[in-house]
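Labels for the chains are A, B, C, D and E, by order of writing; each one numbers its residues from 1.
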């Protein structure tokens, strides 16, 4: 099925072992659009992101995922990455034992390559300062910056952000927010999953609310902010 | 110090180095495979002896130099086939399952070799350039009188050193090495960065087998070529890996050296020699729970 | 818990007893012989005890030969130098085994996972090396230790079926005891060690004491087997202490089915039957065939024969648990989780 | 001991990990029957502090007194046996066992102490321990899954199970490490209700929590840790108004 | 009366079959058989039922000595063939009562078992043959530890064991058993035979360093060699007991190099010998001079298969052997010819001793006129014959050691070999008289003919 949408999930079903996590999700994202994927804990948001990035787990057992005409559903994780999917996972997954710079270099081993190191360092001067330092010795906020920078080191068609603010102190959250606003300005198609719904909605153009593995709402971000009933029901805010 | 004591010590140290060299080569492959793939390959000793048999065949029909080239390549392929055909199905299963299946595979390889070549040793003649002894006193002026050591065993030490340096350079200074090191720690993340770690892991497994291949070619004439050698060499090599710390390459080297020297210096009290080896393992593991250079949380 | 009521339990143990006690009869029908039946039962005791350690607590010992062999040597020396009656040998062997198990346990149980395995292996190999070298005067070295008189029990000569029934009674009682342990509060704690040793410790339980208890119980089963082995044949081989003996009991457990109690015993029967009867049909390559069989079981039948049985039951719609691995990874060490962030969990 | 007297008394506890001063001269006391929250930014040493309390980490200096007796240096299980229980950040349960077994383990540990040799007793279906476990599971809302394997529960249910494992021992002091971390508001509210319910039995609780909503709706007293030091202790309204706390922790726009 | 039958322990096995509700009936015919030989009650696997008699051949099919085992098995099969059909050494053995039509009118059948070169496995295999297959005699082994373990089992079960490859003094020394017989020579004889030749070839002023396999055979080999060489004036510098089955001997060889010894004696057999000899040669020990003399290596016990394994390293190395395929006496020739015809290559000494042992046992049965073990044992004790090898061979009654001529052999240089089997040359026939020793040299007890 062809589609005019830039990115599209069609009736996606995914399983974590024996648990049915993503239960027939369909939604679309336009080019350069930023979508906040919201929902209660356990609603299947992270699983959906991982499914889109074609992680080994959860296993995609039905449905199609298209990105810019490419069938992601037929790909393995590394193929999806080469097709332009960039995931910043929940706990950042900074690679231990490697320096900051090496963490960026490994991102550019496989094509297509995005920003060169110089440009990354320009945007993330803190990382430039610590390029020789072992990456896991960075603070939580700096590690999150590195994770974002590492994603940008690749040429992105779809940017997947999983809980970028999790576990960060408020000042750091603001700092990361600033970086993401810069990314927004560049115009990369983005899906963001975040507990902190308000922060995510500030960033997003559109909101998709997942509940029990299904789409419960798909509409403009402002509407979620204004609709108290919706917030109470699905987001408990 | 009297001259004879210096001579004796020097010889014992060199013997220890040489004993350690072969353990080091096998342990290096074992620990590389464990460190990257998290797989405990109990068939590594069997790969070693497979290489020795292959080397005898190749060297017997052509010449030794060709064996040095062909056998490691052959083992590399064997490693790839083994990883793709069997090991990869065991990544998600517990370490104990990996040990069991590779142990079973080791038995199968050993028995198949016995079937094909018989249970007794088959001779592995040294190439002419490796034959004979080196007059150590000509190179080491502090030695007195006449001190010799087999040339081949010194070659083995040299080859081990080359392999170690080569592996270090490969892992530390190449992109392949960087991706492997990264893949060792965060395989999933590497996939999200577009790197097909699985393919590289197969190569790493092949590399481990290749090192066993080099060990088999150069160690064969020393450990002898018979089916049981694989299992006999695996146990101390595995001990070396554990003493050094699972997954630690420098640890394996240090442990191999310690074990080699311990064997060498306890030779005249052979009754306690075997006990000494295991005693070292016990003491190291009780004092340093994860081996000399093991990382926290590995394989527990 | 408690799904099997007492009656079902009685039937299980009763069935087991019936199968074991008639073994000298039916083993002949399938090409075996009486002494093989006795050996099978003795190894079954060994494997059963091994399952109390591995199956319950998840600790994989590579050195259980230490107890089997030490007991065999102790029994042998008692029979040779003390008295042909097995009773004194029994008590002395029991005492010596308790001490040995306690000392080795004290040192090895400080570690878990592969490190525990290697430590147990190291102790067993040290004993083996000692038996072959420095203790040669007592152990007979590679020749083994041979007793010149037949052992007796209160004047009854211990040979043939007498030994079989002695071993069979030990096995039946051992099986009953293992089942009872499994469902007792004590056994619940042992099984909790494998599941989450850290949680157990922070529930106010002295995990180390339970591990030690499981280790000693397991060692006592192994010692009993070693004792019976010498009663069966007045001969002790150094192989009893060798790592291959430890390895064999691991293989038996795996092909039979770990943590099923009955599985390892079936594994023991299979191994001995293969080695002594099927071997003759295969000829020189029997080890190759056995190796292949083992590999195939590890790959395709992760829970061993018991798993195979359950799969058949599931296939015909009777239910049964599925297994995904042969041996569980050892329990998480208690004092590991020191970081502020606990271990990562997949997914949400 | 009457309500109001300190059940737990910590004096001058310090702990250093290499170059990092994880805890510095921490004083802390909890009144019997109260709910006491510990808050602070990431890396403030909150979890380390709980680890010190249950003997997982031995402090470099300072004293820890529980119910009038020093417990510093005791083995963790001995501390637990004195009446402390801990819920971990990641639910720590016995994954391969049924819910009943999970709770029965703790019930046995309570009944028989740190070690038992009761091999002759059978834990059958109508055994008092099993009954007690079943009752408690029903109370925390897991009564429908008594025989399910714990590993199949959702994360929220796992935490409830862990709570049941802790509660069956009737501890005098319950330590909770971020009991609502990663939970949505809906689940969080259920957990708060549960915690409030059990507090009616007079159980003393120490809670580490990021979520200010939870903290302020639950705690009677709050201690704020920052960089290993106590920067404030007091009633919730005092803490809310404390400028040092604001600066160190609450300053963020999205925090509440 | 069946009631009496229940008492002898040996019948227990059958009686216990009563449990199967089959055995009770089976007992009746036994009573009649027993009546036929008044004092020859059932013993071990005696009496033999049916018209075939079974021998058990227990050889290493796996483990370090598997190749020797395979060669032994070939010889056993050949022996059975000759016993049933005539030919081979049956035509040269004197005195002989063998007919070439089976033994005592029964056709000879056999079963095989795997000793795995492991005493425990060997006992298990032998026990199976006795218990299940009811063999009247078993033979085999290629390690002294295995042979001794089986010999004890033989005594226990009252079934005759004809040892094959075992060279330890203990086999017919301190561990001698009434039910065990050894045709192969022993370590003591090796020492006595080798001593004078060593002194002759290498001089009387030599300093010897021993490496010894740490088990029964190694110990007796070391003792015997030490005694024999010191008698010739040699000095024993040191001895290291090396663990059985070592693969790398460099640490021991380093110790040898460090010493002032100029002869290395390798009291190793099988793989151990192949490994240590090959490595000693790599250490240059066959090329260097010590104390102004060329260093020498001695291997007290040689075998063809070991020589093959050690390749060119055997050149000029002296040792002893029980048999060689170039022996030209009638008995040896008969065996070598039939063996080579059957299998296409010459037999090893392991094959020879296995073959001879089978024939000697069968002949003893014919001589005794019964399979009843005590009678067969008596027929073997003190039996002297010729035609199984060079000279006359005597089974000494006191210790069941066979005495016959043995050989001192030397490894051939590759250039001197005619084919791949031509590895050893015979240096000297050592006549039986030179190597005989009093029976009480090694104290030991044979034990009773019948269990108490």
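The working rule: a contact is a pair of C-beta atoms (placed from the backbone, for glycine too) under 8 Å apart; a residue touches a chain by one contact, two chains touch by 3 or more.
Note that the structure is predicted; figures quoted are calculated from it, not measured.
Seen from the C-alpha centroid of chain C, the farthest chain centroid is that of A.
Of all chains, the one whose CA centroid is most distant from that of chain D is E. Between chain A and chain D the centroid-to-centroid distance comes to 33 Å (mean Cα coordinates, whole Å). Chain A and chain E have Cα centroids lying 78 Å from one another.
Work out the mean CA point of chain C and of chain E, and you get 37 Å between them. Between the CA-based centres of chain B and chain E the separation comes to 39 Å, rounded to the whole angstrom. Contact with two or more other chains is made by residues 43, 155, 182 of chain D.
Touching of two or more other chains is recorded for residues 62, 66, 214, 241, 243 of chain E. Residue positions of chain B touching 2 or more other chains: 114, 270-271, 273-274. Looking at the complex, you find that chain D touches chain C at residues 43, 46-48, 51, 54, 56-57, 75-78, 80-81, 85-86, 88-90, 92-98, 100-101, 104-106, 108-110, 112-125, 127, 129-130, 155, 165, 169, 182. Note for the complex: chain C touches chain D at residues 1-3, 5-6, 177, 180-181, 183-189, 191-192, 194-196, 198-207, 209-210, 213, 334-335, 337-338, 340-343, 345, 348. Looking at the complex, you find that chain E touches chain C at residues 9, 12-13, 16, 19-20, 61-62, 66, 70, 111-114, 118-121, 123-125, 127-128, 131-132, 144-145, 148-149, 152-153, 156, 170, 175, 214-216, 241, 243-244, 447. Considering their complex, residues 62-67, 214, 238, 240-243, 245, 247-248, 250-252, 254-255, 257-258, 270-271, 274-275, 278-279, 282-284, 287-288, 305, 308-312 of chain E touch chain B.
Touching chain A in their complex are the following residues of chain B: 175, 178-179, 181-182, 184-186, 188-197.
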